[in-house]
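Should a chain be cited, it is by its letter among A, B, C and D, assigned in written order, with residues numbered from 1 in that chain.
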Amino acid sequence: MTTVTVWNEYRHERENDTVGEIYPEGIHTVIATALESEGFETKTATLDEPEHGLPEDVLDETDVLMWWGHAAHEEVEDEVVDRVHQRVLDGMGLIVLHSGHYSKIFRRLMGTTCSLKWREAAEKERLWVVEPSHPIADEIDEYIEVPEAEMYGERFDIPAPDTLVFTSWFEGGEVFRSGCCYRRGNGRVFYFRPGHETYPVYHDETIQRVLANVASWAAPNDGPTPDFGNAEPLEDIEMTDDRSVH
Amino acid sequence: MTTVTVWNEYRHERENDTVGEIYPEGIHTVIATALESEGFETKTATLDEPEHGLPEDVLDETDVLMWWGHAAHEEVEDEVVDRVHQRVLDGMGLIVLHSGHYSKIFRRLMGTTCSLKWREAAEKERLWVVEPSHPIADEIDEYIEVPEAEMYGERFDIPAPDTLVFTSWFEGGEVFRSGCCYRRGNGRVFYFRPGHETYPVYHDETIQRVLANVASWAAPNDGPTPDFGNAEPLEDIEMTDDRSVH
Amino acid sequence: MTTVTVWNEYRHERENDTVGEIYPEGIHTVIATALESEGFETKTATLDEPEHGLPEDVLDETDVLMWWGHAAHEEVEDEVVDRVHQRVLDGMGLIVLHSGHYSKIFRRLMGTTCSLKWREAAEKERLWVVEPSHPIADEIDEYIEVPEAEMYGERFDIPAPDTLVFTSWFEGGEVFRSGCCYRRGNGRVFYFRPGHETYPVYHDETIQRVLANVASWAAPNDGPTPDFGNAEPLEDIEMTDDRSVH
Amino acid sequence: MTTVTVWNEYRHERENDTVGEIYPEGIHTVIATALESEGFETKTATLDEPEHGLPEDVLDETDVLMWWGHAAHEEVEDEVVDRVHQRVLDGMGLIVLHSGHYSKIFRRLMGTTCSLKWREAAEKERLWVVEPSHPIADEIDEYIEVPEAEMYGERFDIPAPDTLVFTSWFEGGEVFRSGCCYRRGNGRVFYFRPGHETYPVYHDETIQRVLANVASWAAPNDGPTPDFGNAEPLEDIEMTDDRSVH
């Protein structure tokens, strides 16, 4: 059974009435509840808990980590970022949501600024499926419509995705690569764009369907754990003079 | 005219007789001389110079930076790494050579450990061209043979390259993705495997041909510099209630 | 439950004693039996059956088609190739084995010659896993060793794979992209190199493990079936003069 | 010097007044003239010429072929398609324009249906640069605006591009991968979306800038011509019993 830990900054919900009304118990609770109904084991963790709710033992029991952050990326301790980064390279799935594009962990894994254009105008977004055979598009129609969204527009400064699943159209005239798959180390990373805190996006059943699909896709496989470092030859080598300086 | 700055750790050449005999003036000098004969403007920089020879004004005049490091990666100041990283994202080409796979700048750009298998047994390497239409393969035969090489073997913990140009065969039984193209930000990055300090690899004309091809490929283009941040709509939007929390 | 149809040219086994001793009931029977033990529903089909054993109703009940052919590619009717091609684009998985690289269906899907270097010298092959997090590498070690193989070497004239899972090392000095993933239409395609008829490759449990992994990966998903053709606008358009010439 | 042959179906211009007024001498003439002013050697060829204007000797002198077709794809002789296909695999660049997505040569090279959504409503298109470091984006702003365009929308049934340079936004609510790079054999292929015959798209200087960039990118390189077929070993092989059945 796959265990998903949903991490949330959990500040806006407590400090802003609009957000608080939409997510009274936090974005993480809505997502975790939705995933449980899809058969996932879930945990939640938030910024203001000790070690941001992500001590070693929690990560030990986590197959897939979802990450929602926005205003407090810099408050996330580097030690925790290092820990999560290592777990991803070891095989843990990571799903980065919406404004998490600017999180330390996503920028660390991408190696770029992850900058983009943005606008808050309650405009319409339409996420088009460009790779319908991908499991993340299971049971999704040709597009997902989000009636009111914050706009994110290209240029999105990321490495070209290994697989691009969704591309967004925005009412104001922009496009965006809004569903991006990556492999990093032994782990899988997915960036999913929707989810501004002032709109009830994570209450949407189709969005919840995508999150469940992503969690299934990102779960660790049982592939080989590579050996790194000095390796004995597998074949006979015609040795010449040894020039090792190690 | 393209200006290439060749950066070298420049320690082995001064501390080890074998290496000193092969590269009496340093690996950087041999590479820079070869590139000049191909019509490039060149500069060199080394670890023990102030700011490792890479102050702002040197990078301002650098189109493509080549990087050779091995034993002293940790001595490279983070401030210089930050500076080089930003320049790559701004469009400067970066060519990472051999043991530079473990350099701070390459790991920063890849987001992974960049670990691999290695062995020093003076064994034969054969780099096969798998993408013959790529400009980096210009004037190269189907494979490049390196008679004595340090082995690097898979698993090489890197993101899948945007384009894989070379794959290496090793006498001892391993394979390796030895010529890897990436785009990061507005810059291009190429990893090229050959170049262990105890073999005269950079004196080889074919290897020099590849380095010149890579320098041409990695040079900055004149594409758009993206605007990031808050963006005005390009089309009329049916505004609903403003819920901005910014 | 996933249904796999194993297609085999089934000529060498009946005409050549060496092959007949290794696969008395044909390569297809050995593969189908192995997949059944892994929980797949299986069918088999061969060249000399009516419609090559692939009439509409067989393909209707096929989730994944495996293809082994070698000496009689040109005897495969174009009508059957058209039919299989359409099914792949509609979502059926296709797994092309070994000398199937030259089959009409694989060349049709790739758009290239799919040519390569080859040699029959009973030499050693070692398939290295370069993407350990891919489900096709599940329960596989860092490499698979094939003691006696026909060599296939680069340049392999294929489009760059969407994902490269295996790269082969050969005793005679070549490398080869030996496990290649593609998406075409709504279907998934995998090319897997091992399987020369004169060696008992498909009796090997590790090879059988890979085939089962590939069959699971290639099975159709439940993504959207795109609408193609003339589309009504989803948004109001400021129509100018109609210049339709259709 | 790069020689570009611009191929055009050249029917609409002669049969439709609207089109004839925009391109009195044909789309091919406008494109060829624009490329000449950028320093390219150019030729033109049209459907109704013998061998569609593409006999062996014309292709022998062609580095890059541009292809515009729309209503008469089926009238293109398979023999000519075979010839062009072979030249692309041998290294000739191919640039497929707009409705050429349905040409025999593009579908042959892609291996898919190349189907899409379309609509003629004189609506606005905005092509966003998603890979600003690519040479095809040289001297282009962040987006190109086409005031009146035929809409093409996803799902575009193509293999995922090796590099995606442009993504289009349409007034009516769709998105489209409108600038797609591929390598096939030793040749490069680029699909560029704009160009409906009823709008003066190819008179636009920015569009002409892109076509010149693409022609430079697609021109043949001087990489290795692979040897295919039976290959002698490069290393000694411990031969076991010969089981060759060839």
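To be clear about the criterion, contacts are C-beta pairs under 8 Å (C-beta built on N, C-alpha and C of every residue); 3 or more make two chains touch, one makes a residue touch a chain.
Just so you know, these numbers come straight off a predicted model, no measurement behind them.
S.K.: If you tally contacting C-beta pairs, which pair wins, A-B or B-C?
M.R.: It is A-B, judged by the count of C-beta pairs in contact.
S.K.: By mean C-alpha position, what chain is farthest away from chain C?
M.R.: Ranked by distance of C-alpha centres from chain C, the top chain is B.
S.K.: Taking each chain's centre as the mean of its CA atoms, how far is chain B from chain C in angstrom?
M.R.: 36
S.K.: What whole-Å value do you get for the distance between chain A and chain C if each is reduced to the mean of its CA atoms?
M.R.: Their C-alpha centroids are separated by 32 Å.
S.K.: Just how far, in Å, is the C-alpha centre of chain B from the one of chain A?
M.R.: Averaging C-alpha atoms per chain gives centres 29 Å apart.
S.K.: Going by the touch rule set out above, which residues of chain D reach two or more other chains?
M.R.: 126, 129, 131-132, 142, 153-155, 160, 162-163, 171, 173-174, 183, 185, 224, 226-227, 234-235
S.K.: Inside the complex, what are the residues of chain C that reach chain D?
M.R.: 12, 16, 18-19, 89, 108-113, 115-123, 148, 151, 153-155, 157, 159-160, 162, 171-174, 182-185, 197-199, 224, 226-235, 237-246
S.K.: Taking the touch rule as given, give the residues of chain B at its contact with chain D in the complex, in rising order.
M.R.: Residue list for chain B touching chain D: 91, 126, 129, 131-135, 137-142, 162-163, 171, 183, 185-188, 220-227, 234-235.
S.K.: For the complex, give me every residue of chain B touching chain C.
M.R.: Residues of chain B touching chain C: 126, 128-132, 142, 153-156, 160, 163-164, 167-170, 173-175, 177.
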